[in-house]
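In what follows, subunit A forms one complex with subunit B and a second complex with subunit C.
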Partner chain A sequence: MRPRRLLTPWLLLAPALAVALVFHIVPFFRTVQLSFTDFRLSSGGQYIGLENFGALASSEVFWLSAGNTLLYVVVVVPLLVALPLLLALLVQPKIPAMPFFRASFYTPVIASMVVVGLIWVFLLKEQGPVNWLLQTLRIVQEPLPFLTDGTLLLFSCMLVTVWKGLGFYMVIYLTALANVPGELHEAAQVDGAGSIRRFWSVTIPSVRPTMLLVGVLSAIAAMKVYAEIYVIAGPTAGPGGTVRSMVFTIREVGSGFDGQIGYAAAMSLVLFVFTIGLTVVLQKLNRENREA
Partner chain B sequence: MSVIESTDPALAEASVGAAPRPARRPRRRPMRPAGVAKRVLHYVVLAAVLVLLMGPFVYTLGTSLKGDADSVFSYPPYFIPRDPTLENFAKVAEIIPVWTFIGNSLIVATVSTITNILFGSMAGWALARLRFRGNASAYLLFLATLVIPFEVIFISVFLTSKQLGLVDTLAGVILPSAVTGFSILLFRTAFGSLAKAVDEAAVIDGASEFQRYWRVSMPQVKGTMAVVGIFSFMFAWDDFLWPQIVLTSQQNYTLTVGLEFLAGAFADDQKVVAAGTMIAVIPLIVAFFIAQKWFFRGAGEGAVKG
Partner chain C sequence: MTFKPRKRGFLGAIALASGLTFALAGCSLEGVDTGSAASDDELAKVEGEISFATLELSSNPDLKKYIEDSIAAFEEEYPGTEVEWIDVPFAGAQEKFAADAAAGNLPDVVNMNPNFAQPLEREGVFLDLDEAAPDLADLYVPGAWDGFKVPGVEGSFGVPWYLTSEVTMYNAGLYEQSGLDPEQAPETFDELYENAATVSAAGAGAFYGLHPALENRFMTDLAKIGVPLIDEDLVWTFNTPDAVAHVEQLAQMYQSGVFPADSVTQTLNDAKEGYMAGTIAAFPSGPNFLNGIEQNSPDVFAKTKVAPQIIADGGTYNMSVMGLLIPKTSENQGTALAFAEFITNAENQLALAKIAPVLPSVTDAIDDEFFQDDSDGTELSKARKLSANQLPNAANLTPVQYDDQVKNAVLAKIQLALTGELSAQDALDQAVDAANEITGATK
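So, the complex of A and B:
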């Protein structure tokens, strides 16, 4: 083999390897290293052992961020596993105008979270259309303070996350549904199973692996929630600064002129461990579910 | 609009009749009234979801066109302006350099699309088609970039960017996602599923690796190119966290960062904020509806292959 041939694969791989190493792999190890220092953007820093992690454990802001983030996962993931499946079943039949509906249902996905967040800030205002609707339908007497009450604000962000995510997971389910053999449904129908029965005993078992995939993807996405919090609750994290996620707090303490890089890096590592742990737990749950 | 028409039973039945079906078999009966009712109900539900998912965009579009005599918060709300005007869009351009932001976003998104297709396919082709020492390790390295969320490392990526002099430049925005693990793996699977025979014939004909990659393999993975291209463009156009961190001066802002700035400074002028969001989203929606047929086919292909 000529030497040029030996080089070819590496020439082809060079740009991708450079980006992966410089902007992903090395920064990851650097994050680990920084988490054991008191590095600041303005003054540098030195090795301080596990001090950052101790500081995290006794930080109210950290526990608030972690609690909000986990609550986010617990609320958002079940909705994003179930609702897009129903949506996919709704747009699956090949009947007139369906391409139009599919594309429309996907539109919130292509818009940026900043645009979507700003639109919902408008809709959820005290005198906005959502409150008008709730009052007209007599669901509430007084307008709900979606954007000014700390707790409601967090749920408003979740609403926006779910609303924007529906179409994305719908497309994943559509691909899975296309691979379910039609004979299964026909056989069940011949046996006298109604459509609800067929949903539980044919559709659900055949898309179960996809449900796990959607669960993992939406859980990882929920762990990383940032833009909707920043846009809807504002740069100060809502009233009293309580509407914050982990990424929100990492950015807050880690950036700026005097960013506490070391402390932010420690929090980033905790986020990483949470994310990996959650993925493993979900996978395990699914396995047990299957054996049962 | 076809949605409204289709809720009319007569028309719904007509369109059902037009739908292709394996009809000639005598066992199949024509659609019973219950079937028609079911179809009508189906369209009613579809229309309701449509209002839920498209309504907010349409309502905001209406708001962005409202004039001085229009009220933004009225009970009941209305979205067709009584005093229509384009003034709000002009105001956005007065308050923020929106054309500069659009230009920046276009540069970032276009470059990111090209680099993801080019570098992603180069790497994907080498991994799928060449045998060399280190292939498996390189593959694992790209997998690892998928497992490490960018949100975990952005603080130290910022330090790296600072050392490389990339802070407050568009190159700094682009580089970390110039070629993603996602693009590389999609291309690797696509190239891996191509027939070996054509490639082997090209080897016998004395084609170089580069010719085999560019002239033989690339033309066969257009679907994957479309998927990688569309996702790279969308991701770069919509991204917020990283541009917000790495860009410090206003003339370098991308559209999402600029829009958040506009909303922060002019939160009270709902019509202007609405116009700003429409400027950011309408081009994308129009492009998407033109390309949607292609997109859903490509996305399906990509997912099956991936």
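So, the complex of A and C:
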């Protein structure tokens, strides 16, 4: 092979490779390196072996953050796999006015998380519309403290994540649904299957790979939750700081001139391992499902 | 053409990873580049180019023009100098300056408040002005000059620039509606809280007497009632009986509905918005907030009255200080020092105070009759006079160690006391422990 031919693909790759190297690969390895140090911007750092990881293991705040993050994944991911599919089925028919609904459901996706968060803060206030509705319908006697009670705050944040994500995953499902051959539905209909039966036996198996994709994407997003918590629970992460996610804590300990960057890097690495682990488990589950 | 699965990709990845690991192993783990202080000869040289960073001033056209004119005047007075102005948005400024400091390329003159500056001062990033310009300290309001000192570190690192000292603002309309005398401002904390309870009872959820604004006021209120916040060894000490009584009072007010239900997790902005929306009746703030009220809510502005800042007997007034600091990495420290002195001289500060509701830090300027003249009868000039008269007995009451991390750790505990999940004593004890854990690691 002539050298020119060998060089051309690399030249074409170079811009993308440079971006990946500078913005992804080098920072990743720098994070790995820093996680073994007690680095601070102000005073620098030294290698301290696995001390950061030992400190993490015995840190209540870390386990609280990890627990909340896991809870977030457990609650948010199933909702974000199921609800957008139902929504996609609803808006799939090509009838007038449907594009309007599709666009409406997609709007929260393009809105900034801060704006969405502020809107929900207004809705969820003690004297806000949601509490007014719940009281008017006599579902509750007293207004619910959505924004001041630790547990309710976490669920309020989850609600916002789900609401904002619906449109995005709906669009992914719409593409998948468009690829389901119509003949399958027709054949099932001829065999006497009703719409519910067709949903379980035709639609679900056809979009299963997409469900896995949505599951993985939403799980990764849920692992990285930050903005919802900051906007809704405030900079303290709710009363007692109990509504914190891992990213919230990473940012808190790592920011500022005195930020413990080494410790924050170690926590980032743990989050990375958790995320990869979760993705692998989801993929494995799907494979077993398919083989079964 | 078909491709066989190649081992080379995998090997390449390993090669890349190990290459990077080796490269990073050589990557610096050093801290901030502090540079070195210029010699007296170098400090005497006023020439060359400097950069000047301010915090969010260019959005106001008058201020923008003021800064540009001041720079032009400086360049005219010192031929051969050139000043490049950089205006940094307040949000994220701390991170930006921290990164700049770590890289050793802070602007030659940086505008910071004492809390921003403190960790950098501690590491020796800035020029010690007590040494570089020993005569300077006498020209400035003492409480402001002391704002740029760090406990345990010799020297003073910032030239105070503009100051604000809060006054009590209240909505006389809401006071009257609640059966209170609209002309009678609260003068003590007890009066403020009693009035708040009366207003909130009359408002019945539509408006409230006060917002706790923990983010803004918790620590300074403790200082105003005489609670010692931090000792000389940088150990936090604010879990005193007085502080317990204060937190118990806040909790009682929150639980009995004197404060809005969601206020416990809200920020300073929510409190400001509440006041401007006419749903909060009293708000202690710097006179500069009056401009915001006038622009955003003329109705509330028309009903707003001002009164002196509330402090306990024998207490100290709070003031916020902005200063100009010169990093030792600057190559033109002489020019930078001359510029900091020029921008903060009496003439220039007086001119600034006439276009923005701030106070000068130079004693010569604060004595100007402009600050005593409230003959136009407006609340703005009244607020200016009140806050100017507070300055001789004012200090920056927020300890410089009270950074965002400490603040959030402390307030998270106090929030639990307000909601009743912790007793005031436990909340304060835990807050002190949490604060000491963070501050102790860096002192």
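Descriptive notes on the structure:
Criterion: the second predicted complex is superposed on the first by the 277 of 292 C-alpha atoms of A that agree within 3 Å, B and C clash if a C-alpha of one lies under 4 Å from a C-alpha of the other, contacts with A are read in each partner's own complex, and residues count from 1 in each chain.
As a convention for this text, a contact is a pair of C-beta atoms (placed from the backbone, for glycine too) under 8 Å apart; a residue touches a chain by one contact, two chains touch by 3 or more.
Because the structure is predicted, anything quoted here is derived from the model rather than measured.
When both complexes are overlaid on subunit A, subunit B and subunit C end up clashing with each other. By the touch criterion defined above, A:Thr236 reaches subunit C but does not reach subunit B. By the touch criterion defined above, A:Thr148 lies against subunit C but remains apart from subunit B after alignment on the C-alpha atoms of chain A. When the two complexes are overlaid on their common chain A, residue A:Lys125 makes contact with subunit B and with subunit C alike. When the shared chain is aligned, subunit B comes close enough to touch A:Ile220, but subunit C does not. Of the two partner chains placed by superposition, A:Leu85 touches none, neither subunit B nor subunit C. By the touch criterion defined above, A:Ser43 lies against subunit C but remains apart from subunit B after alignment on the C-alpha atoms of chain A. Counting the residues of subunit A that each partner touches, subunit B and subunit C differ, and the larger count belongs to B. By the touch criterion stated above, A:Leu278 is placed in contact with neither subunit B nor subunit C.
In the superposed pair of complexes, A:Ser255 makes contact with subunit B and with subunit C alike. The intersection of subunit A residues touching subunit B with those touching subunit C, taken from the two complexes, comprises 25-26, 30, 125, 127, 234-235, 255, 259.
Listing the residues of subunit A that touch subunit B in their complex gives 5-6, 8-10, 12-13, 15-17, 19-28, 30-31, 34, 87, 90-91, 93-97, 99-108, 110-115, 118-123, 125, 127-129, 132, 136, 163, 166-167, 171-172, 174-175, 178-179, 220, 223-224, 226-227, 230-231, 234-235, 247, 250-251, 254-255, 259, 261, 264-265, 268-269, 271-272, 275-276.
Within the complex formed with subunit C, the subunit A residues making contact are 25-26, 29-30, 32-33, 37, 39-47, 125-127, 143, 145, 147-149, 153, 233-241, 252-253, 255-260.
Residue ranges of subunit C in contact with subunit A, taken from their complex: 16-17, 20-21, 24-25, 27-32, 94-95, 97-99, 101-102, 119-120, 122-123, 205, 215, 260-262, 264-267, 403-405, 408-409, 411-413, 415-416, 418-419, 421-422, 441-442. On the subunit B side of its complex with subunit A, the touching residues are 2-3, 6, 15-16, 18-19, 39, 42, 45-46, 49-50, 53-54, 56-57, 59-60, 63, 73, 75-77, 115, 119-120, 122-123, 125-127, 130, 132, 134-135, 138, 141-142, 144-145, 147-160, 175-176, 178-179, 181, 184, 209-210, 213, 234, 237-241, 245, 255-256, 259-260, 263-264, 270, 273-274, 276-277, 280-281, 284-285, 288-289, 292-293, 296, 299-300, 303-304.
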